[in-house]
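Shared between the two complexes below is chain A, which has chain B as its partner in the first and chain C in the second.
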Partner chain A sequence: MNTLITTLFNGVSIGTVLLIVALGLAIVFGLMGVINLAHGELMMLGAYTTYVVQNGFKTYLGTESQGLYIWAAIPLSFVVAALVGLALERGVIRFLYGRPLETLLATWGVSLILRQFVRSVSWGMVGGLLAFCGLFFGGKWLLGKSARIPSYRQNLVTTGLFLLSGAIAWFVGSNINNDPQLARPWFSARNVDVTAPGWLQGSIRVTAGIQFPASRLFIIVLTLLCLLGVYLFLQKSAWGLRIRSVTQNRDMSACLGIPTAQVDAVTFALGSGLAGVAGFAVTLLGSVGPNLGVNYIVDAFMVVVVGGVGNLLGSVIAALGIGIVTYLLGSGTMVRLLGGADGGAVVSFFDFFATTSMAKVMVFALIILFLQVRPAGLFPPKGRSAEV
Partner chain B sequence: MTKLGRRKFLAYGSAAAGASVFLKACAPEPETEVEADSGASPAAAGADSDVITVGILHSLSGTMAISETTVVDAEELAIEEINAAGGVLGKQIVAVKEDGASDWPTFAEKAEKLIDQDQVAVVFGCWTSASRKAVLPVFEEKDHMLWYPVQYEGQECSQNIFYTGAAPNQQIEPAVDWLLENKGTDFFLVGSDYVFPRTANNIIKEQLKANGGTTVGEDYLPLGNTEVTPIIEKIQQALPDGGVIFNSLNGDSNVAFFKQLKSAGMGPDQYPVMSVSIAEEEVRQIGPEFLEGHYAAWNYFQTVESPANEKWVADFKAKYGEDRVTNDPMEAAYIMVYLWAQAVEAAGTTDIPAVREAAYGQTFEAPEGLVTMQPNHHISKTVRIGEVRDDGLFEIVSSTDGPLEPVPWNQYVPDTKGYACDWSDPAKGGRYKTEA
Partner chain C sequence: MTQTTTLPNPAPVQAAPTLQISGLNVYYGESHILRNVDMTIPPGKMVCLIGRNGVGKTTLLKTVMGLLAPRSGRIDYQGKSLLPLPTNKRAKLGIGYVPQGREIIPRLTVKENLLVGLEAKANQKGNPLNADVPEDILQLFPVLKQMLSRMGGDLSGGQQQQLAIARAIMSRPQLLVLDEPTEGIQPSIILDIENAVRQIVETSGMSVLLVEQHLHFAQQADYYYAMQKGGIVDSGEASQLNSDVIQRFLAV
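Right after this comes the complex of A and B.
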C-alpha cells in the first residue's frame, strides 16, 4: 500500500513538472502549430523574474517578507513572459505562420539571443537598447507623420535612420559602460540562487512511512490551477471561443469578423505566460541559470507530441504517464515489485534500466514504440481541423 | 513566396550587420588579452631581458568561465605580489592571458600559441581533466611546463605538468576514511554521468570493500538533469534508517539534489552528504540553508586558521571586493605561482629542465599550511573535512596532522596498484613498479 501511494505521488509529481512546462507549449504548438524553440527561454525569463522579485522583497521589505514573495512572483513571471512572448509574436513569428522550418530556425535564434541576453545584460546594454529603440522607432514614426517621403526613398531613409540611431545608441551604451558599477552584468553567466520560503522547503508527513515534499505538493496544486484556468479561459470566455474558432478554421473565422491577428497574439502571449509560470515552478526544484530552459524543452515537446497535437487532455495524460513510467523505471520500484534482485531475466532487464540515465533511454524507446502504433499521439485531431 | 528585392536586401542586410555590431558593442567590455602586471614599475615591460613572460590559459568564456576566472584572479594576485616584492631573478613577471573558451581543442591551440609565439617561461592553466588531457601532448612534444591547480582523478604523472591540486589520496580517500569512522559504513554514491565521478566512485567502491564498508547503491545523473526524485526514492529504499551519501555531482544538478533532498525531509543528521566538488563559491550559489550541516573534503577552506591564510584572504578581498570568497582551487593556483617563482630563483634561470630539477623539494608556507613539491610532480597537502555553516563558509571538523604525501597512481585500483612516479630519477620516470 505504501509503495502504491509513494509511487503514485512521485510519478504524479514528476508528471506535473512535465505538464506545467508543456502546458504553454500545448497551446503554442498544439493549438497554433508554431514550433517555438524559444519556449524554454521564456521559462528561463519567468525563473529570473522570480529571482528579481525575491531580491526586491528582500531589499525593500526586509527578510521577514521572505515567505510572501512567491505570491507576487507567480503573476509577475506570467506577465513578463507573456509580454516577451507578445513581442516575439508581433516581431518575428507572425511573419512566419505556415512556414514551420523558418519558424524553427528563427525561434532557435531567438532562444540563443535570450540566453546571451541574460548573461550579459547590464545598464549600459539596456541604456543602449532603449536609446536605439526610442530613436529608431520614434524617428520612423515622426517621419511617417510629418515628412512626405517618396516610396522609392523609404528604404534609404530607414537605413540611414537605423545607422544613425545605432551609432548614437552605441555611444550611449559604451559611455554608460565606462562606469564599472553600471557596466557590471545584472546576472552574469553565473547561476543565481532562488530560495523557496521556509514552509515550502519542508515536507508533510502523511503516515508513518510516507512524506510528501511541500514544494512538490505546491507544484501539483499550481499545475491544477493553471490547467483549470486555461480550461475555463478556452471554454467559457469570449476570447477562448475566438481562439478555438481560429484553430478550427482560420479563413472562415476571418470571414465572420474575428480579428485573427489579435487572436494569434493573445494565444501566443497566453502560452508564453504559462511558460513563465512554469519557470517559477522549477525554481522550487533546481537552479536558475541561462541554460535552464534547454533542460526542459525536449521533454515539453515530447509530452505534446505523445498527447496529440491540439489536445490539452492528451498532454495531461501524456505528462502523467511519462512521469509515472520514468519513476517506476528509474527508482528501481519496478524491480522491487517484481520480487527483488533474484527474479530471473525480466527482473534483471528492469534492473539494467533502473538508473536515471537508462530510464530516460527506456522512456524514449517506449515513446517511439507508441508513436509507431499511434503516429498522431493519444488524441489525434479529427475531421476538418486535421486537414488544415 | 515574396521576392527579396535588391533594395530590401540592402536594407535588411545593413540592419542585420548593424544590429550585430551594436549588440557586441553594448555588452560589457571583454577582458583584455595581454596584461602587464608589472605593478609599480610599468617601465619594466620594455626590453625582453627585463621581464619574464608567463602564460595564463583558462576559460574566460563559456560554461567553465564561472570557475576558471576565479582561479585567474588568484594567479594574478600572486604575480602582482611577487612583482611588488621585486620580481623573479630581479625581473618583473608579465602575464599573457589566453582564453581556452571551455573548448578543449582551443586549449591545445592556445597552448601552442603561448609556447611558440609568446615564448612564455611557463604556463599556468586548465581546470577540467578534459582540457588538461588536450594540452598534455603539446607540452610533452615541446618539452614545456604546465602548472595545474585543480583536484583531479589521478592516474596521470607527466614530466611536463606540475599538479598542485589534490590527488585522490589527498581528498577522496581521506574523506571516505573519515566517514567510515564517524558517520557510518553504508554508502550511497551519487554522481554526474561522466568520467570523473565514475572513476572516483570506482576508487571509493574498492576502498569500501577493503575497509569494511558497503556500497548500497549508486546512480548517475546526466549533466544538467534536475529531476532527482527517482534517486531520492532509491536512497530511501537502500538506506531506510539513514546512511552516508557520497556526492560527486557537478554543476546545476547539485542545486536540484540538495533542494529536493531537504524537501524530502532528509537532513544531515540522518543522511550526511560528503561532496567533493562543492567549495565556498558553490555554496553561495546553491544557498547555505540547503547545505548547512553537510560536509565537503578539501585541502583548503577559507576558514583555515593561520597567519598566512588571514593575510591571503585579506589581500584577496582588498583586491577583488569584500563579497568575494576564496576556495581550494584558487588557493592551489595561488601557491603554484609562488612554487614556480621559487624554483626559478633556485635554478637561477627560466630554462625548463633546470627549473624542473629545482622545483623538487621546494616548500611554501601556503594558506593551507606547509606544502612541498614532490619528485612525482604533485605536492604534499593537508587534508581537511569541513561542515557547512549557516554563513556559507565551512567549519573545519577534521584535518590531518600534517601534509599527506601525494599518490598519483591509485593503490586501490588493481591496474595501477604497486606503481609510483619519480621524475628526479631518470631510471624511474612517470610510472615504475615499486619494490613491494
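Right after this comes the complex of A and C.
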C-alpha cells in the first residue's frame, strides 16, 4: 500500500513538473500553432527572475524573512516572461504567422540570443541597450510626429537613425564598462542556486513510512492553480472567449469585430507568462543556468504532441501518464513488482532501463510507438478545426 | 443607428449611400477576378447580387469585409473609405457579415457563438459572457432557443445558417451582408430564413447586400445587380426581376 502511494506520488510529481512546463506551450503551440523554440528560454528568464527576487529579499529583508520571496517571485516571473514574450510576438513572430519553418528558425535564433544575453548581461550592456532603444524608437516616434518625411526617404532616415543611436549606445555602454564594478556580468555563465524557503525544504509526513517532499507538493499545488486559472480565463473571461474564437476561425472572428492582432499578442503573452511560472517552479528542484530551458523544451513539446495539439485536457493526461511511466521504469519499481532482480528475461529487460536516463530512452521509444498508432495524439482535433 | 427612425420624409435627404463601390478591381495572384465593379446601396434598401457560380460574388463581399485587398477602386461606407481599415474595424463600424458556408465557430456553444457577435457592437462594455441573448433575436430564430448550450459545430446546416444570421445581427449593424443564405437548405427553412430577413429589415431599417440564387428571395430586394465574369452587366429595380432575366444571368 505504502509503495503504491509513494509510487503514485512520485509519478504524479514528475508529471506535474512536465505539465507546468508544457502548459504555456500548450497555449502557444497547441492553440496558436506557433512553434516557439525560445519557450525554454522564457522559462529560464522566469527562473532568473526568481533568483534576482530572492537576492533582493535577502539583501533588504535579512535572512529570516527571505523565504517570503516566493510570493513576489511567482507573479514577477510571470510578468517578466510575459513581457519578453509580448516583445517577441510583436517584434518577430507576428510577421511569420502561417510560416512554420521561418518561425522555427527565427525563434531558435531568439533562444540563442536570450541564452547569451543572460551570460553576458552587465550594467554596461543594459545601459547601452536602453540608450539605443530610447534613441532609436524615441527618435522614430518624434520624427513620425513632427517632420513630414517623404516615403522614399523613410528607409534612408531610419538607417541613419539606427546607425546614429547604435554609435551613441555603444559609446554609452563602453563608458559604463570602464568601471570594472559595473562591467562585471550579473550572472555569468555559471549556474546559480536559489535557496528555497525553509518550510519548502523539509518533508511532510503523511503516515508512518510515507513522506512527501514539501517542494514537490508545492509544485503540484502550483500546477493545479495554474491549470484552474487558465481554464477559468479561457472559459469565463472576455479575452478567453476571443482567444477561443480566433484560434478556431481567424477570418470569421475578424469579421465579427474581434481585434485578432491584439488577441494574438494576449495569447502569446499568456503562454509565455506560464513559461515564466514554470521557470519559478523548477528553481525548487535544481540550480539555474543559461541552458535551463534546453533541458525542458523537448519534454514540453512531447507532452503537447502526445496529448493532441490544441487540447489542454490531453496535455494534462499526457503529462501525468508520461510522469508515472517514467517513474515506474526509472525507479526500478517494475523490477520489484515482477519479483526480484534475478527473474527471467523480462525482469532483466526492465532492470536494464531502471535508471533515470535509460527510463527516458524507453519513454521516448514508447511515445514513438504510440504516435505510430495515434499520430494525432490522445485527443485528435475534431471537425472543422482539424483542417488547420 | 441614424436610419432606425421611420418618420415620413417629404423631401428626400441627400444622405451618403450606406455602401458605394466604384471601379473595384480585385485579383487572386495574377488572375483578374473583379473588373471595374460599381455598386450603390442606399440607406435602408436591400440590394441583391445575382450571377452564376464562380463569377466573383463572394470575392466582392470578402473585399468589402477586408478579407481581400483590391488592386484599385474605392469602397465607401456612409461616405468614408473602408479601404484603410482592417476587417475588425469595419465590423465595428456596423457591417454584419453572414459568409457563404456559415463559418460557425465549431467548439463554441451556440450561445457563445451569438455572444461573440456582440464584439462588434459600438458601445459594448464588460464581459460579453455575462450578457443574455436578446429575446427578439431568439424569437426570429426559435430553433436556436433550445440549442443554446450545444456546440456550434454540431448543428445541422440549416440551423447553422440561422445561427450565422442571428450572430450577425447581435451587434445591430447598419449594413447586413448575406452570402447565399439559402444554399443547400430545404424549402421550408428557406421560407423561415426569408421571413426572418424581411422582419429584420422592416423592424430595424438596416441596409442589406444579398447574394442569392432563389428568384423568390431575390425579389424581396429593392434593387438587383447581375454579375458576369467579374463585372456588373445589368442592374435595375428588383421588381423587374423575372424568369427572363434570371434565365440570362443564372441558368447555366
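As a working rule, the second predicted complex is superposed on the first by the 388 of 388 C-alpha atoms of A that agree within 3 Å, B and C clash if a C-alpha of one lies under 4 Å from a C-alpha of the other, contacts with A are read in each partner's own complex, and residues count from 1 in each chain.
The working rule: contacts are C-beta pairs under 8 Å (C-beta built on N, C-alpha and C of every residue); 3 or more make two chains touch, one makes a residue touch a chain.
Everything numeric here is computed off the predicted structure, so don't read it as measured data.
*Asks:* Which holds for A:346: it touches chain B only (first), chain C only (second), both, or neither?
*Replies:* Neither partner.
*Asks:* Output check: A:201 vs chain B and chain C. Expected answer is one of first, second, both, neither. What do you get?
*Replies:* A:201 sits against chain B, while chain C stays out of touch.
*Asks:* Return first, second, both or neither, reflecting whether A:133 touches chain B, chain C, both chains, or no partner chain.
*Replies:* neither
*Asks:* After lining up the shared chain so the two structures overlap, which partner does A:291 touch, if you call chain B first and chain C second: first, second, both or neither?
*Replies:* So A:291 only meets chain B here.
*Asks:* Which partner, once the models are overlaid, touches more of chain A's residues, chain C or chain B?
*Replies:* B
*Asks:* Quick one: classify A:211 as touching chain B (first), chain C (second), both or neither.
*Replies:* Touch partner of A:211: chain B, not chain C.
*Asks:* Could you look at A:255 and tell me whether it touches chain B, chain C, both or neither (first, second, both, neither)?
*Replies:* After superposition on chain A, A:255 lies in contact with chain C alone.
*Asks:* Does the superposition put A:361 against chain B (first), chain C (second), both, or neither?
*Replies:* The answer is neither, since A:361 touches no partner chain.
*Asks:* With both complexes superposed on chain A, which partner does A:221 reach: first (chain B), second (chain C), both or neither?
*Replies:* The answer is neither, since A:221 touches no partner chain.
*Asks:* Would you please give the residues of chain A that touch chain B in one complex and also touch chain C in the other complex?
*Replies:* In the superposed arrangement, which is not itself an observed complex, chain A uses no residue for both chain B and chain C.
*Asks:* Which residues of chain C touch chain A in their complex?
*Replies:* 65-67, 86-88, 91-92, 97, 99, 103, 105-108, 112, 115-117, 119-121, 126-129, 153, 167, 171
*Asks:* Residue numbers of chain B touching chain A in their complex, please.
*Replies:* Its residues touching chain A are 7-8, 10-11, 14-15, 18-19, 21-22, 25-29, 65-66, 193, 219-222, 224-231, 233-234, 237, 252, 254-256, 259-260, 262-265, 284-287, 289-290.
*Asks:* Considering the complex alone, what residue numbers of chain A touch chain C?
*Replies:* For this pair, the touching residues of chain A are 236-238, 241-242, 244-245, 248-249, 251-261, 382-385.
*Asks:* Over in the complex, which chain A residues touch chain B? Could you list them?
*Replies:* Against chain B, chain A makes touches at 6, 10, 13-14, 17, 120, 122, 124-125, 128-129, 132, 155-156, 158-159, 162-163, 166, 169-170, 173-174, 177, 183-185, 189-193, 195-196, 200-203, 205, 211, 213-216, 282, 284-287, 289, 291, 294-295, 326-327, 329-333, 336, 355-357, 359-360.
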